[in-house]
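After this come two complexes, each holding subunit A, first together with subunit B and then together with subunit C.
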Partner chain A sequence: MAKEYDIIIVGGGPAGLTAAIYSARARLKTLIIEKAVPGGQIATTGLVENYPGFPDGVMGGELSQLMADQAKKFDTETISAEVLSLEVRDNERVIHTSEGDYSAKAVILAGGADPTKLGIPGENEFTGKGVSYCATCDGPFFINKVVAVIGGGDSAVDEGMFLTRFASKVIVIHRRDQLRATKIIQERAFANPKMEFIWDTVVEAIEGNEVVQRLQLKNVKTQERRTLEVGGVFVYVGLRPNTDFLKSILALSPDGHILVNEQMETAIPGIFAAGDIRVNAARQAVSAAGDGATAALAAEKYLSQVGH
Partner chain B sequence: MAKEYDIIIVGGGPAGLTAAIYSARARLKTLIIEKAVPGGQIATTGLVENYPGFPDGVMGGELSQLMADQAKKFDTETISAEVLSLEVRDNERVIHTSEGDYSAKAVILAGGADPTKLGIPGENEFTGKGVSYCATCDGPFFINKVVAVIGGGDSAVDEGMFLTRFASKVIVIHRRDQLRATKIIQERAFANPKMEFIWDTVVEAIEGNEVVQRLQLKNVKTQERRTLEVGGVFVYVGLRPNTDFLKSILALSPDGHILVNEQMETAIPGIFAAGDIRVNAARQAVSAAGDGATAALAAEKYLSQVGH
Partner chain C sequence: MSKPIAVDDKTFDDTVLKAEVPVLVDFWAPWCGPCRMVAPIVDELAEEYSGRANFAKVNTDENPGITSQYKILSIPTLIVFNGGQPASQVVGYRPKSELKKILDAALAKQRHA
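Right after this comes the complex of A and B.
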């Protein structure tokens, strides 16, 4: 027998925790299923300067703890489990996990999206100490520094251009000899005097002392190796939303994000999505939290409609 | 000559202030134009329990002050002025105000929406002390109390149903002899044992001591007057988005909200909308703030595209 709830939320980052605050405060029996450490991407982030309400900034870990405390205050339950599959029965949505089955009338999918990592030495060690996956979040910490951007798609070039507002120089390192970014974005990037490009090159290691100081590069055509001094490195080689278990059930974008309308409703009644897992997310803690509130209100309305 | 900015934000509530935090932090010259007191609806709200990051709650006035401090820290300018009109020239958007003209390449409209007031004695006096315009926000403060809902549309009945999660009884007071709410919503409401209805009746005064204690009612058909004891009253007689000055320029919903896509773009390039002023807003501080971040990121991208 599956344990029953009114609303089950998959994912315990800002989107999931905010959905829980709204749902549990509305006296709905609420469960968060989180795969490992709660808090989502923000929990492993350093200083967050742009979450509204904290003029002096707040450490990412502290912010997610505050949100978790708030969800708990209104009696949200939380379990650590890996979600294996989602099953849609009439009015019931059953979540099969590594720790057993859980069912609810409404489910909010808020499992986020992980940036694809390079998987090279120094990357994990220097995350938050010069290695970043978000220019909007961390760009302002690199004023007048030389930064590298790794990648060649629209995101890499867009975010590189954004970084020229802060950095003295932005060096895009791409493993091919041309960008995958759309033409107009490329043209603007080539015209920007602060942008430089290193082609046919991969980064083999990120090195430094307290913070990032240099990259070890290898040209994939000539096999030549060199060192590049940088003050920071932004990695944009892809985003992997945590939607593998949903492929056979929900409409996803080509890169795996869940399609929703502006009420955060998916194509299946009673299933909602919020935060970085959904299509066209702004990838910010506050926008994820806003999504979470919107999804919870839509889920409450749905529960009223199906006669909860 | 209009004074020039990169981004002008109309409205200084959570949506506008968050847009400013993002825009100014991205080193864009940012101006907020606010009609009177900064802070939006939230500034005049009492305890806010559901803004994520504040497990013990935060007073509405304090939350908007924190957001305003954060916007100011990144060098947002703010002026008090009444916006008279918005003029769209090629790449320039000019805002004519009571204090002169201001121009920018991008404008974010975040002027909110005011709930329509009853305009009766006691309404302003008891706002936040038993009079509320938001069941999601304030419902949990009325556990086991008798509350009245004034109005007869979908919002009034939906929010009344929501309040039955907390209140011992919810009495809908409507000036006509039937609801304007859609059929299915009506049926659910009539079937709910906690819901009661008083027809053909208007509220003439809200009375109490420290908090709301009773309503003075008048039957509009019989002219009879009576007193109704209540612990709270929720007013749902309409929402007026602050969009009168936009009617000739932007596509609006029938009730005056600005049409946007999920990136908060309006139909006119360089003009964005965020928060309660846009269509289908969740009407929560955190969702408005999320909108503000999304709109600012879209505006930044727009500025890059037009060659800022």
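Right after this comes the complex of A and C.
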């Protein structure tokens, strides 16, 4: 028998934790299923300067811990499990996990996204040996080394700036001729003497001997190829939503995001999606939190209609 | 109650390499977010595999010797040592089921040895 709840929230990042705060305060029996510990992507982010209410910024790890504490305060239950599949049975939504089955009338999918890989030779081979997706985790291993950061968005540039605390030089490699990052982040990056930029360029291969030693680059405009010696490479080329287990059940966008309306409702009644997992998300901690609140309120309304 | 043992550059050889059972070593540091996600799973595994496998933790900040010897450039990194040799290695957060698989593989090999 599946353990029963009013609302099950899959994922414990800002979207899931905010949804949990709202639904627990509505006195709905709420379960969060999280594959690791609550926090999400924000937990591994350095200083967060754009979350309102923290004028001096707040460390990502601290912000996620505060959100988790707040959800816990209102009697949210959390389990650590891998979600295997979602099954729709009349009014029941059953979630099969590595730790057993759980059912509820309403489910909020807030499982977020994981870093996209480059998909080039050497990437998997050297993961943990100089290829990294987490500057705050691995930066201190690259003291006085030259490192490359792949990407041109906020994460790439911000984490690149973080790496200048350790590395002798940080080279941002971007496939376009300008950054996508927020203007204030760009201004700081261009003013930092340790930051360098290689434009219009993609990485074709990561090479080394036991650890990363060099990158094979190609300029996409001139087609010119060259080798760049580096001690490490940090990959920030976007995020892939964690929706593999939903493919056969829900309508997804071509890149795998869940289709929702303004109430965060999916095509299936009683199933909602919030945060980076849904289509057209702003991919910010604060917008994910907003999504979580919207989804929880819509779920509460749905439950009152079906009579929970 | 079995808990992971903190090992350092000095105790690593005796505790990990000379152990008679497989040893899962968790390379971590206090400033690493995902390390905090892995730690409770390693604690649970230490309970479940009590007597069959040992569990150790290396703080990479305090132990540059072992950290560079095993070329650790990302944390968390988990290495299962069997008979003094690294038998398998995983980087980053991994579900418990996957960690059990590599531990079980090391235990199976040990029985055949």
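A few comments on the model shown:
Assume the second predicted complex is superposed on the first by the 186 of 308 C-alpha atoms of A that agree within 3 Å, B and C clash if a C-alpha of one lies under 4 Å from a C-alpha of the other, contacts with A are read in each partner's own complex, and residues count from 1 in each chain.
Methods note: contacts are C-beta pairs under 8 Å (C-beta built on N, C-alpha and C of every residue); 3 or more make two chains touch, one makes a residue touch a chain.
Since this is a predicted model, take the numbers as computed values, not measurements.
Of the two partner chains, neither subunit B nor subunit C is touched by A:234.
Residue contacts after overlaying the shared chain place A:69 against subunit B, while subunit C stays out of touching range.
By the touch criterion defined above, A:39 lies against subunit C but remains apart from subunit B after alignment on the C-alpha atoms of chain A. Between subunit B and subunit C, the partner in contact with more residues of subunit A is B. Touch criterion not met for A:5: it reaches neither subunit B nor subunit C. By the touch criterion stated above, A:82 is placed in contact with subunit C alone, subunit B being left untouched. When both complexes are overlaid on chain A, the residue A:141 reaches subunit C alone and has no touch with subunit B.
When both complexes are overlaid on chain A, the residue A:305 reaches subunit B alone and has no touch with subunit C.
For the contact definition in use here, the residues of subunit A common to its subunit B contact set and its subunit C contact set are 136, 140. Against subunit A, the residues of subunit B that register as touching in their complex are 14, 17-18, 21-22, 25-27, 49-55, 58, 63, 66-67, 69-70, 73, 136, 139-140, 158, 161-162, 165-166, 184, 188, 262-263, 279-280, 282, 284, 286-294, 297, 300-301, 304-305, 307.
Contacts from subunit A toward subunit C in the complex involve residues 35-37, 39, 43-44, 60-61, 80, 82, 98, 127-134, 136-138, 140-142, 210-212, 232. Residues 29, 31-38, 40-41, 60-61, 67, 71-77, 89, 91-93, 95-97 of subunit C touch subunit A in their complex.
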